[in-house]
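Input: a single structure, listed below in structure tokens.
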Amino acid sequence: MATVKLWNDEEVSANPRVKAAFDDIRVTRKSDFVNNFWRALANQPELLERTWSGIKQVMVEPGALDPLTKELIYIAVSTINSCSYCIHSHTAAARAKGLTDQQHAEFLAVVGMAAETNALSNALQVPIDPEFNVG
Amino acid sequence: MATVKLWNDEEVSANPRVKAAFDDIRVTRKSDFVNNFWRALANQPELLERTWSGIKQVMVEPGALDPLTKELIYIAVSTINSCSYCIHSHTAAARAKGLTDQQHAEFLAVVGMAAETNALSNALQVPIDPEFNVG
Amino acid sequence: MATVKLWNDEEVSANPRVKAAFDDIRVTRKSDFVNNFWRALANQPELLERTWSGIKQVMVEPGALDPLTKELIYIAVSTINSCSYCIHSHTAAARAKGLTDQQHAEFLAVVGMAAETNALSNALQVPIDPEFNVG
Amino acid sequence: MATVKLWNDEEVSANPRVKAAFDDIRVTRKSDFVNNFWRALANQPELLERTWSGIKQVMVEPGALDPLTKELIYIAVSTINSCSYCIHSHTAAARAKGLTDQQHAEFLAVVGMAAETNALSNALQVPIDPEFNVG
Amino acid sequence: MATVKLWNDEEVSANPRVKAAFDDIRVTRKSDFVNNFWRALANQPELLERTWSGIKQVMVEPGALDPLTKELIYIAVSTINSCSYCIHSHTAAARAKGLTDQQHAEFLAVVGMAAETNALSNALQVPIDPEFNVG
Amino acid sequence: MATVKLWNDEEVSANPRVKAAFDDIRVTRKSDFVNNFWRALANQPELLERTWSGIKQVMVEPGALDPLTKELIYIAVSTINSCSYCIHSHTAAARAKGLTDQQHAEFLAVVGMAAETNALSNALQVPIDPEFNVG
């Protein structure tokens, strides 16, 4: 259960500002499905607009990193932040962008290894080598 | 300052088990430089061996994800875990594997956006859409 | 499902120490409803007492911060710690103390922005400006 | 040491896009001092612009929460995310906005209490009371 | 719902590599029950093998720390990482290894106190005393 | 650098409430050394008293868990919360209570393994087995 109301399509249609954001999500993603994250954010039109605008700019527009790599970075962050919703939605998004089982397996291995060595480095309080200095 | 002693090369050479691990790190990485993380782990030869064996298998051996993508996933995990040492060492590693400034900028944008939407999803306690079910 | 038994009112009544704490919770909050957090802590009477005593001192007694501000700080911490239970219970508490939808929207915007810039600062390992020194 | 170069004022002046953002930061804050966070973000003009635009909208423009409350929420998030830079910069900002020692003391008590009960709730895996359901 | 398929015993039996790992889990633990964590990891045989090998070496083989202490450390980490699954499975494991209610109560008190003072230390950015230097 | 002033012994002596707490810390610990954490908390006498009282009750008074086990749980929490100060102070405390190098090595192995499997469980969103239900 959410801490706010989830807006259904009828409620969305009745609010021009929210409707405009949902329309853009549907057109941009070429899909009628709008997931619950946006239906929860609909309670805060300004935050909805700014968040969607950011996601569109960062995750949808072409850039120097390919879309699948961006999704894997997103899932890595969501995993460590223990955000169940985000892990589910972005693992689904990664699959839709072509993530293979073998790539998923390697992704999991890297995330697990990083979490382990992060814990070791923190527990040992390893001092940063001067060689890593950017200068 | 570390919570354990950092082993210098002389101390490493005096312990066959640690020396063998350090030799393999140097040969595998084609570099004489062994960073402080391993010099701290040298106090625990068994953990040193298991950790290096894991890193070698996951991060060095070729697989379905390219080496730079793996480093970006690693930095993403380290950033959220707030592991200063790991952020420094793996950003340096990513640069050595060809990370461009434009790629770094996009990486930062994705990590920041993911952290923001993780916080929003958690605060809103968004319920997982059945569409994300693997089945 | 909890990792411990949740005490019902009958079990509470049978233990004088737990009963005393529950009585004080009900009197202090002017409500018969005692939420599951306390029913789980009832297994550890000493911890129950110390925790309730702390909550009463910090969250209930009047001070220099108003009660709603304290709840927002509480939810911010709970969100980043990904504590579903705490997010739910303290968002409900904030609403009971007058949180408006507009205030909730701004709260979410601040939490999201802070999480994003935390990730950026950590990934960039920004050195602390001497101007921030307390002296 | 940062993982990127920090831009000095001369370098900022040579890049029109970065200079425009810095000028707006100075005008908006009515201060010549621009802290290291922005000097690190200067390497990514697009991210610099989007982040500053977000901060300005969320933290500077008047809204339903007063500026000091927003800073306290910000520090709470930064504390749990263990972002040293953010804790320093936003504690300084809160002081500049009038945070008293007594308010700081209460803030610390709330953050500490929340962190403690978050850990207890998570360890006990307390089930969410139906009374907290939004509907 | 998981982000991957959970393997049932029939599927496990059809894959020699996965079957060998499951057989070793059952023999080592002297129990037919294999919990969902391993059924999820079965999708990644290499990761399954490496993870089980690590768990066996670290958690099962006798060492300088007794098995119950190791489980408590495990639950402490899982609590702060907000890993519901791990908290459940390792609290059950600790009980199977003799954890008493009184020990569980003290464990909770320590975890809560540590989480509280961690938040205070981070918010106060307490400088490390030279007396803690290992040298 | 801290976000608050650290009190020296002269300042402590001038405040009867703070002096009483420091006196009790010294007597209880049988040592003149009072570390920076308490010198920072001295700015908030009420929080200082409540925190010291909690630490004394949880970490000093004899109970069902031995003192070294409690310190290891404390360091595990501090490691995952990335609290540098707490990792340093409690690793020193554990050593003072007899932690051997071999025990430290095993502790590190458990913390690392837990962090790794936490990340895997979260990324896989493994559903909790009904067998772990307390009932």
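Here the chain labels run A, B, C, D, E and F in written order, and each chain numbers its own residues starting at 1.
Just so we're on the same page, a contact is a pair of C-beta atoms (placed from the backbone, for glycine too) under 8 Å apart; a residue touches a chain by one contact, two chains touch by 3 or more.
Everything quoted here is computed from the prediction, not taken from an experiment.
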Longest centre-to-centre distance from chain D, chain (CA-based): E
Relative to chain A, chain with the most remote C-alpha centre: F
Chain B and chain E, separation of their C-alpha mean positions in angstrom: 21
Rounded Å distance between chain B and chain C, as computed from the means of their C-alpha atoms: 34
In chain C, residues with contacts to at least two other chains: 1-4, 46-47, 50-51, 54, 57, 77, 79-84, 87-88, 91, 105, 107-109, 111-120, 122-125, 128, 132
Contact graph of the chains (line, ring, star, complete, other): complete
Chain F-touching residues of chain E, taken from the complex the two chains share: 1-4, 6, 33, 35-37, 40-41, 47, 51, 54-55, 57-59, 63-65, 69-70, 72-74, 76-81, 83-86, 88-89, 91-92, 100, 102-103, 105-107, 109-111, 113-129, 131-132
For the chain E and chain C complex, residues of the former touching the latter: 82, 87-88, 91, 101, 104-105, 108-109, 112, 119
Complex contacts: residues of chain B adjacent to chain C: 75, 79-80, 82, 84, 87-88, 91, 107-108, 111-120, 122-125
Chain A contact footprint on chain E (complex, rising order): 1, 3-4, 43-44, 46-47, 50-51, 77, 81-83
Touch list for chain D against partner chain A, complex: 1-5, 46, 50, 54, 57, 128, 132-135
